[in-house]
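Presented sequentially are two complexes of subunit A, the first with subunit B as partner and the second with subunit C.
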Partner chain A sequence: MANKVREDRRQFLHKAGLGGALTGLVSSISLPVWAGAEKLELPDALPKWMKVPGEEFSNYGQPSEHEQQVIRWISANSAAPGNGVSWTPLHDLQGTITPNGLHYERHHNGVPQIDPAQHTLLIDGLVEQPLSFDLKSLLRYPMQSRTCFIECGGNSNSGWRTNPIQTQAGYAHGLVSNAEWTGIPVKLLLQEAGIKPNAKWVIAEGADAAALNISIPLDKLLDDALLALYQNGERLRPENGYPLRLVLPGWEGILNVKWLRQLRLTDEPLMSRDETAQYTELQPDGKARQFTFLMEAKSLITSPSLGMMLQDNPGTYQISGLAWSGRGKITRVEISADGGDTWVDAELQTPILSKAFTRFNLPWHWQGDYAILQSRATDETGYVQPTREALVENRGRHGFFHYNAIVSWEITEEGDINHVYGF
Partner chain B sequence: MYMASKALMVVAWLIFFLSPSYAESEFQALGKAANELSHSAQWNISISPNGEGLPPGQGTAAQGAKLFALQCAGCHGPDGIGASAEPLMGEVGSLTSDYPEKTVNSYWPYATTLFDYIRRAMPINAPFSLSADEVYALCAYILSKDGIVSSEAVLDEQSLPKIKMPNRDGFIAVHSDNR
Partner chain C sequence: MANKVREDRRQFLHKAGLGGALTGLVSSISLPVWAGAEKLELPDALPKWMKVPGEEFSNYGQPSEHEQQVIRWISANSAAPGNGVSWTPLHDLQGTITPNGLHYERHHNGVPQIDPAQHTLLIDGLVEQPLSFDLKSLLRYPMQSRTCFIECGGNSNSGWRTNPIQTQAGYAHGLVSNAEWTGIPVKLLLQEAGIKPNAKWVIAEGADAAALNISIPLDKLLDDALLALYQNGERLRPENGYPLRLVLPGWEGILNVKWLRQLRLTDEPLMSRDETAQYTELQPDGKARQFTFLMEAKSLITSPSLGMMLQDNPGTYQISGLAWSGRGKITRVEISADGGDTWVDAELQTPILSKAFTRFNLPWHWQGDYAILQSRATDETGYVQPTREALVENRGRHGFFHYNAIVSWEITEEGDINHVYGF
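Showing the complex of A and B:
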């Protein structure tokens, strides 16, 4: 397989003429031109930050002032500014971990400022013994870490529109982020309370000003769910559920309840607003898909992408992007430069983790021709990311949630990049 | 002698790590019995489709109309057809059209959800500020606008769960398909 990938890549580059360019590149590398320059006045030739002491230590580090444009883009209801989303700038990031300050947000009524000393978690309903936990106690439980993505069910929903939205990759597809979450397996606490045999569902409730409540199948909480207290090594950020939240790897964001205050075991789902009115997908026949928990495989080229420009013509560009699947590991990401007629395997960055971002890369030699760049993910169950055409054919255009179609970037002969729908 | 004692130590460690008693005592159970909490009002906010959790109280559409103008119309529009917030009324039967509108009355499968959601989340600037009577009244008003209940109906903890919403059978659970 690895050999096959390498061979495909070589052909992709050759076909595009990169083989020769690479050779030329290697031979052109020689000593820098200034190495032999005469009478260099050292102080003048050095940048100012090498000649004065730098800034003092900081209690909590911040990004460089030259990276101030790397922000979450906020899209909220002007009449209710706590109801909306902020998008992770996926197009500005590399690697697989989303920095805590850039993790996407979806709040239904603002970010509660919770005093952990006054926060209680109650586990009750169909249990042998209802139990309450304070934070001090929870912090003494054995913890596990899990790197996984969390994706809002409404991510990429502009894809259902008739015309492709012209906005940067992260600001159309960035209601997904990837972090290392550390916390207590929910199973431990449920077992401590004692699960009654007729328990099938768990109603989770948050302590925000929407008191967000939603039903979760008990099986998932007994499987791989975490009661997360830490995000990328530090305590959760308020906007990500401080002091504690659910993390359900691979499942729709809404179920990963933040500011968790209660888990009530029941035999039936509650039919709360966010599992009926919202987060359900209306189909063309008028019926709606409900309890669509799993986030299917998806991928996105983050570079080059809209808002960038191909400066050199011809030039070599590193196609890079992210793939993820709620079913497990990503096994393959293919790249097309011709709108899906031919495909080449991209290199997958290791380690490849289940239900987590997988970074893919592929060098591409652009010769100034019109191109349509696409990526297509396959996961370990064999599920292949659909074309937009196939998705719309299957689901219609009014489902709003769970849009995971292939994303197409049009490269014009001038090197501009536009969002187009595939061919 | 030295080798023997080292081997013994290894065996002792193995027993320690592999013995079930070690696994059981891996952590201390720190949950506190919460029978009383579990029955108190602030931990029983959720309302089931069968009406479990509904508080005593009652309200009519006429009472709800006044409240709606005061508390809801600012965001949902004077007739509840949507403004900065979602439409609530009208559009019943629109779900198969080219422009489906998912209003409370056209889309929501259970009336209990309406009570549950209004009480916990509305009005958005003051959740939990409405009394049970007021929430029943708002439910009556919204539902009466599309004839789901009569304009004379009195909604309470008995009558609300009995309402059959137009789209009750409009949902297909796909969770089991995903497993």
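Showing the complex of A and C:
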């Protein structure tokens, strides 16, 4: 079925003259006229806000009232309103940092209101000496900063559905955000407790009403894991784990346990609900994948994307989006305007950081023709983001988690944008 | 007078045995016992927030109610409440990003409440073709991101006073913040208008009630200037220029004109109020320095710092702070615990970005002795942050702007922290 649709599209694109060099993608910025500049003199009348004193200073600033539509979109269980998600509006953002107010949420039983003076972290199990840390003592430990993405294992899971969801980019793919996390290397705390030789796993538990717990290989905690206390400079937000969160760069969101209260070292995994009944992937052969920690390379064109319009006039547009990989650095993002027949390398914004959002950009001269826009990410291990066809062939359609296929935006001749499959 | 104080301190330090290797500074993290971990078992009782469902999702998140003391400190003119500053609480922050709610403010007549649909940017003067841009058209232009600090020329100006101000680090030095700005290279817009050969300066004007205007050399706008629309991923905050701000990496804050409405190309500077009566520096010879655009290298220990206490127990503490330079990258930060007699290199957090905050860290074994903590930054041009003595000798005490001397924190034997001069 997908092949049939694909063939139809290809014929359409061919008829529309969209082959190779005719797609309008250009690999460098010379000096196009970025249509839209009007040739006007300064108006005589000053705007009204220049005629009255402005607003006073504020202790803690908020977005403009004209940006009130830029929100996390909440999708929660009406019977249990603390169970669900809220999506980062990636389609409204630029650059690579996700501001703290818009970092995605995934809660299993709501956001606990923790008094930091009463919160402790216990390290126990297969250790020489169990240790308990309060916030006052943790704030004395050496800290490091790491800018990285955190992505829910269930991000983009509408992609497994039969029909392409017609939702704005962030509200289908925005269970991923990128922040500068600052905290204590977990390795330092574990070494202080003393790791027994038979310890292989760590059971992390949060202080929420779900008492969310999950098993993590000890090696990851000894590698690049942080006990985060700060998010983009300030203390963690309540919905992102205040006062303590485990940050495991490049690994599935649920492992980045929020409101962390305990790390118990063990010789085997716990087989908790969220690593058996949930966060596993049913395969075509009827078996389920388990412990799929790594988030593979992925990319998404955020502009232009569904919900925007090409302003009913052909001309030059900037294609812009985000790419990321749990394996390391993004090395390449390619763009196609003809549904994958031809590709042009996008420019990658620097610095390119490992396991973090990388912004890509490419100018596009849109002539008012039908087009299919796609982006395809490659990471430093050589992993290439798959097409939806390849992903579904490999994993079936009931995996629910870890969907990272190429996303296709259909541009109509009227400048409307739709989400399509088949490319 | 300063020399006298300095000599007294030196004698005191000498008597206290604080010479060279005895200062407790260590240049690498091995495995000290970071005093404070208690040896406890998990308490039987669950905290109350694990026994009730948590709070629901939110469209736009806010800091924890337990962090309400982490605010911008407002210092405004009571007769004109939109004239003044608010300070970033650097002493409460970690990492390098300043969250948008805490980015410092400097307003001359308050924050204009601009309707972006009615805002335009005019480029005129010595151009081939004056151009006016609305937001809709600007959003189609190619954008770049740049993480950089913006610092008010008047930051740290209490340092010129006779006596050391006893204020928390951010409330004396926090008219500087660091963010990821995303916008259009100004060069692209100027080239579209066409630059006439005799254009040398650009007069930038804001759409606030002060109609703040200032002269900027054209070369800077053709170098690395951005017309910023986004700040840490989201659209600019009103107090930071919504919807348009000029960002001139490494240059004095006032030149980063907020609420930008006009760029007029000229052959000479305007000699506006804010580049003649203000933002100039009276020199010892009675003449004033003018057009002092560049912000020189500077550093500040944010922890431990005034207002904190060393928790009445000796042991290992993490010295942490920020360094930055308008000339480029920070290459070195040295720490002294003995008032400048001996120095140890701090570890610099990576990635080190040009004209951006660099976080430095160094462990310190405090034995309960009297100490003077200092940090000294060096940038990639070889420029070294001066002592207060050297700065005052060179510039006099009436310059008011561009104070970047080494800051000295006195640690008493009781663990109190004071701001002192003379080192």
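Assume the second predicted complex is superposed on the first by the 377 of 423 C-alpha atoms of A that agree within 3 Å, B and C clash if a C-alpha of one lies under 4 Å from a C-alpha of the other, contacts with A are read in each partner's own complex, and residues count from 1 in each chain.
Just so we're on the same page, a contact is a pair of C-beta atoms (placed from the backbone, for glycine too) under 8 Å apart; a residue touches a chain by one contact, two chains touch by 3 or more.
Remember, it's a predicted structure, so these values are computed and weren't measured experimentally.
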Once the shared chain is lined up, is A:Y60 touching subunit B (first), subunit C (second), both, or neither of them?
second
Applying the touch criterion given at the start, work out whether A:S78 contacts subunit B, subunit C, both or neither, answering first, second, both or neither.
first
Touching A:H173 in the superposition: subunit B (first), subunit C (second), both, neither?
neither
First (subunit B), second (subunit C), both or neither touched by A:R395
neither
More residues of subunit A are touched by which chain, subunit B or subunit C?
C
Looking at the overlay, does A:K287 come into contact with subunit B only (first), subunit C only (second), both, or neither?
first
Please work out whether A:T276 is in contact with subunit B alone, subunit C alone, both, or neither, and reply first, second, both or neither.
first
So in the superposed three-chain picture, is A:K298 touching just subunit B, just subunit C, both, or none of them (first/second/both/neither)?
neither
Tell me which partner A:E234 touches in the superposition: subunit B (first), subunit C (second), both or neither.
second
Using the superposition on chain A described above, determine whether A:T96 touches subunit B (first), subunit C (second), both, or neither.
second
Check subunit A for residues that touch subunit B in one structure and subunit C in the other, and list them.
80, 82, 109, 120, 122, 124, 129-133, 137-138, 140-142, 188, 192, 209, 211, 262
In the complex, subunit B touches subunit A at residues 26-35, 37-38, 43, 45-49, 74-75, 84-85, 95-96, 100, 102, 104, 107-110, 112-113, 116-117, 120-121, 124-125, 127-128, 170-175, 178
With touch defined as at the start, can you tell me which subunit A residues reach subunit B in the complex?
77-80, 82-83, 108-109, 120, 122-124, 129-133, 137-138, 140-142, 188-189, 192-193, 203, 205, 209-211, 213, 217, 262, 264, 266, 268, 270-273, 276-277, 280, 282, 284-294, 398
Touch list for subunit C against partner subunit A, complex
29, 31, 33-43, 47, 49-67, 70-74, 76, 80-82, 84-86, 92-103, 105, 107, 109-116, 118-120, 122, 124, 129-134, 136-138, 140-145, 180-182, 188, 191-192, 207-209, 211, 229-230, 232-240, 242-243, 262, 311, 315-318, 320, 349, 351, 353, 359, 361, 363
